[in-house]
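The next part holds the structures, each set out as structure tokens.
Same chain, two partners: subunit A is paired with subunit B first, then with subunit C.
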Partner chain A sequence: MDLQDYFSLVFSDYTLRTITLGTAILGAVTGMLGSFAVLRKQSLLGDAISHAALPGIAIAFLITGAKESNILLLGALISGLIGTFWIRGIITKTHLKSDTALGLILSVFFGFGMLLLTFIQKQPNANQAGLDKYLFGQAATLVESDVWLMTIVTSICLVVMLLFWKEFKLLLFDADYTKTLGFNTKFIDILITSFIVLAIVLGLQTVGVVLMSAMLLAPAAAARQWTNKLSVMVFLAALFGAFSGVFGTAISASQNNLSTGPVIVLVAGVFVIISFIFSPSRGLLFKQIRVIKNRRDLHLHKTLSFMYRIAETHENISHPHAIKILNNFHGYTRGTLQKLVDKNYVTIDGTMWSLTEEGFKTAANLYNQLTKQNE
Partner chain B sequence: MSSAQIEIQLIASLVAIACAIPGTFLVLRKMAMISDAISHSILPGIVLGFFITQDLNSPLLIFLAALTGIVTVVLVEQIQKTGLVKEDTAIGLVFPALFSIGVILIAKNANDVHLDVDAVLLGELAFAPFDRMLLFGVDAGPKSLWIIGTILIITLILLFMFFKELKLSTFDSGLAASLGFSPVVVHYGLMTVSSVTTVGAFDAVGAILVVALMVAPAAAAYLLTSDLKKMLLLAILFGIFSAISGYWVAHWLDASIAGSITSMLGVLFLVVYLFAPNKGLIAVIYREKQQRIEVSLLTFLLHLKNHVELEERHVNHLNEHINWQNLRSKIVLDLALKNNMIEIDNNIVSLTEKGDLFTSQAIDYIITNEDTQIEDMKADFFLFRG
Partner chain C sequence: MSKIAVKVDDLTVAYNYKPVLWDIDLEIPEGVLMAIVGPNGAGKSTLIKSILGILNPIAGSITIYGKSYAKQRSLVAYVPQKGSVDWDFPTTALDVVMMGTYGGLGWIKRPGQKEKKAALEALEKVGMLPFKNRQISQLSGGQQQRIFLARALVQDASIYFMDEPFQGVDATTEIAIINILKELRKASKTVVVVHHDLQTVPEYFDWVTFLNVKKIATGPVKDIFNDDNLTKTYGINYKVSIQK
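The block that comes next holds the complex of A and B.
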């Protein structure tokens, strides 16, 4: 199946439609909530939570003995929350730093989850196969009820986000101020964190424990480059996330042996790279262009001011001088001289140059402006 | 115990030691998550190395994989340098991308390659003794024992040679630079050792669980001591303890050895986290409570000092004036009495000489903003703490 088949099938084929919808919704909700994680400098929290969810899945299975995905996800949610609050406990109550707390909880919970999974595999219970799909995710196992669950959770997220928009925004950018205004910062904080955990847990089935954090980060990091406004960023992140989901599913469906999770992550990565390079205000490309332009302007000014210094000593400011006295040290190149002529600051006559009236005035004001700005 | 069991425990212990040493420095340098990033992103290196060598234990594979680890660190730093995103976001972007490439490489070649992601991520220590090293046709022990042993010896040599430099650049990189030790060299040296250790350990305990062996013993040790040498030793001891106890738990449950070693590390950290003297959770909560009561006591004494009027110093009035609940007032009053700082006469509270002296000194320190001094002073004045 190639990409074209995919797009013609996506509306008619049940499985493809379900998966595409599922990954799109997932991408949107993680992108949305990921914006908050990125701005709160909690980017790696997602990684820790997704790993910490693993033992919950195993324990939920051990208790119920059923592979009902909602129950497993509930287990994941609880153990993800325990992990999150333990991380907070370590950071606030001891002198260990957040990176240590994250790395510790992540690896310990994951290891414990693996212990339980291998323990379950040895049990005489034919039902246990397939639990390890939560490690790397299998979008193909998504069914309609999963998509409904995602839709419901996404709507709840949206409603809560709109209700608490002001509080979220305030806490994000000035936590101390929020506190002085009398908001319950602890509650808002826990609310955001809980929703991040919820979004991560939702994605486990599709993208898996290991790669879930990228789903949270990549769309948000890409969206951040295009705007300085929170609402636009959240919207863009949701959009990028949804597109990563759709494109990732399309690419992985069109090839054999290509798991969906990693492809979605790579597509999201491409979004990030494009945003890093091509974003108009922060992008590397335009930044570099601006740097070069500034440097050229500086050279031009340097040459002009040198000419001004010479012209100053003559009564007639347009007294011609040899081009030879200009050198590279003064930022002179054939190009800059030509530019000066284009701007009508200088006239050239053979091998001689002379400042025009306009050029003289500009050059005189060049430093006036600078000193004015410095004041 | 069969010889295979001894070999497994030996390998696990060596891995634990080899991880604990760089891990301690990573924790101290607040770079613990870098180990997580490295452990994920060596996957494409391992896969490529495996395509070339077809042998999971070949030195070339270890070299390639370790190189990927260093590439990760460099990439993270480069992205961070652009200023477009924060460091943690940079880490979070780089390693899933590299890991995805690794997973896709494996998936695309799944049919003709004997390598699966589970093996790389989780390792299987139980099989390690079956892969023997043959020297001149003589059985010389498991291959992984040789690999991790070599890495450990190199790490130890580097540690002893550059202990001073490591210590200095960890705690004061500015001073290190001004004394002529390049923090950059130390940084990349540490990153290289971490990468090589991660790769060397991955087929024994699995790439992700290496993170646990690096971070958990060091974190637990850091809660118990603030002396670098003691911390290193403790981290190593914790690592060995969890490696051996973890093996027996796995033996008993018939489950993954790596998983149970990590779980033991988790239990160990939990115990230390709760019960560590001074820095543990219980000690911290107890101290916070103590300080809260002692601050209340000081407020109370100040109030007494500021008022000579009898009605201001009546026991009942105090209760409503400072607006404390009954229990709290009672605790504070008892503490003050026990320490001979106040005396109560006909329900009128007044400061003793000692209480007066204590209050004036405390005020002195608060005004001159030397709050830390109060703690030392408390030791001189208090017979009983809050």
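The block that comes next holds the complex of A and C.
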């Protein structure tokens, strides 16, 4: 099946439609919430939470002995929340920095989860096969009820976000100030964090414990490049996330044996790279172009002001001078000279140049103009 | 004797084991322009953060016009240190100033035309109206400080707490801030400023509090701003030429 087949099948084939819808909704909700995580400088929190969810999955299986995905995800949710509150506890109660706390919880919980997984694999229970799919995710296991669950959570998340938009923005920008205005910052904080945990847990089945944090961060990081408005950023992040889900699923479905989770993450990565290079205001490409252009302009102005100083000493400002004397000055190149001629600041006659009236005036006010432009 | 705007009793604050503020008693009379001075680590920011309820003190009580801060919130505005937030946050100058209206609005309710008008007026007062749609990372340090000031002005409070508003700002901003301070005093508002430049204390302020973990002295600048108190606060023999 190639990509074209996929897009013609996606509307008719039930399984394909379910998976595509699921990954799209998942991408949208994680992109949306990821914006908050990125702006709070809590990028690594997602990684810690998703790893912390693993033991919950294993314990839920050990207790119930069933592979019902909703029960396993409930286990993941509980252990993810425990991990999150331990991280907060470590940060507030000890001298440890947040990166240490995150790393600690991430590795300890993940290690414990792996231990439980290997223990489960040694059990005689025939049901145990396939629990390890939560490590890297398997979109093919998504069924309609999973998609419904995602839709409900996403809708609730959307409503809460719209209701508390003002409070979220305020807390993200200036937490202390939020407190002085009388808002319960702890409540807003717990609200945001709980939704992030919820979104991560929802994605475990599709993208897996190990790669889940990329779903949170990549769309948000890409979206930040294109806008200076929070609402637009959140919207773009949701859009990028959803597209990553759809394209990732399409690519993995059309190429056999490609695991969906990693492909989705890679597509999200491509969004990031494109955004980092091509965004008009913050992208590397246009930044570099602006730097080069500025430098050229400065060269031009330096040459002109050098000419001005020479012309100044003569009564007739258009008195011709040899081009040679410009060689003493490093800013001079043939190219700049030609540009000055194009701008009608200078005329060239053989090996001699002379400043025009206009060129003289421009050069005299050069510094003033430059400072004005930069204001 | 005029009314007491802020009263601090036996305030003690500690991070972990080390006390940052020790047994502070302080009365701030209504309508004064007060500077809080002291060396680094003296607890100046901690003091105003405790008054504003951002930090939880170990002991002591704080009242604003006789009632707790939680009840008098609408009377108080805060200008945090400029470096306390990430200025690359995706928002505009106007939007940040609008945040000053959020407290009055309360939960969930969105700002409308009335709030926008108030924000624009505040931007005008600090001379930042032409920059209202500018992304905040593209403002200079001084302009960012003026945005913070405008955000507090929008709150239309009676008492203003400012944490080092003069830090690292250019002359234009310094004059703009001074003019605002004078205007606030004319409207008989109370202003408390954490301040670092001792030379300008007599010129800008009429009250001063010397702080170094403990309160060294508080009172009118003309009475207590002298070498004796400076030496007690800064530990070294501090000589400033005080122009009276």
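In the analysis below, the second predicted complex is superposed on the first by the 364 of 375 C-alpha atoms of A that agree within 3 Å, B and C clash if a C-alpha of one lies under 4 Å from a C-alpha of the other, contacts with A are read in each partner's own complex, and residues count from 1 in each chain.
Definition applied: a contact is a pair of C-beta atoms (placed from the backbone, for glycine too) under 8 Å apart; a residue touches a chain by one contact, two chains touch by 3 or more.
Just so it is clear, the structure is predicted and the values come from calculations on it, not from any experiment.
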Superposed partners subunit B and subunit C on subunit A - clash or fit: clash
Which of subunit B and subunit C A:V272 touches, first, second, both or neither: first
First (subunit B), second (subunit C), both or neither touched by A:G182: second
Touched partner set for A:G111, first subunit B, second subunit C, both or neither: first
Which of subunit B and subunit C A:T100 touches, first, second, both or neither: first
First, second, both or neither for A:F119, with subunit B first and subunit C second: first
Subunit B versus subunit C as contact partner of A:K41, first or second or both or neither: both
Which of subunit B and subunit C A:Q225 touches, first, second, both or neither: first
Subunit B versus subunit C as contact partner of A:K324, first or second or both or neither: neither
Intersection of subunit A interface sets (partners subunit B, subunit C): 41, 95, 224
In the complex, subunit B residues that touch subunit A: 27, 30-33, 35-36, 40, 79, 82, 84-86, 88-89, 91-93, 96-97, 99-101, 103-104, 107-108, 110, 117-118, 121-122, 208-209, 211-212, 214-216, 218-219, 222-223, 250, 253-256, 258-263, 265-266, 269, 273, 279-281, 284-285
Subunit A residues within the subunit B interface of the complex: 38, 41-44, 46-47, 51, 89-90, 93-97, 99-104, 106-119, 122, 132, 135-136, 210-211, 213-214, 216-218, 221, 224-225, 257-259, 261-263, 265-266, 269, 272, 276, 282, 284
Residues of subunit C touching subunit A in the complex: 16, 49, 52-54, 70, 73, 76, 78, 80, 84-86, 89-92, 96, 99, 102-103, 105-111, 135, 137
Contacting residues of subunit A [partner subunit C, same complex]: 39, 41, 95, 163-167, 169-170, 172-174, 176-177, 179-183, 224, 227-230, 232-233
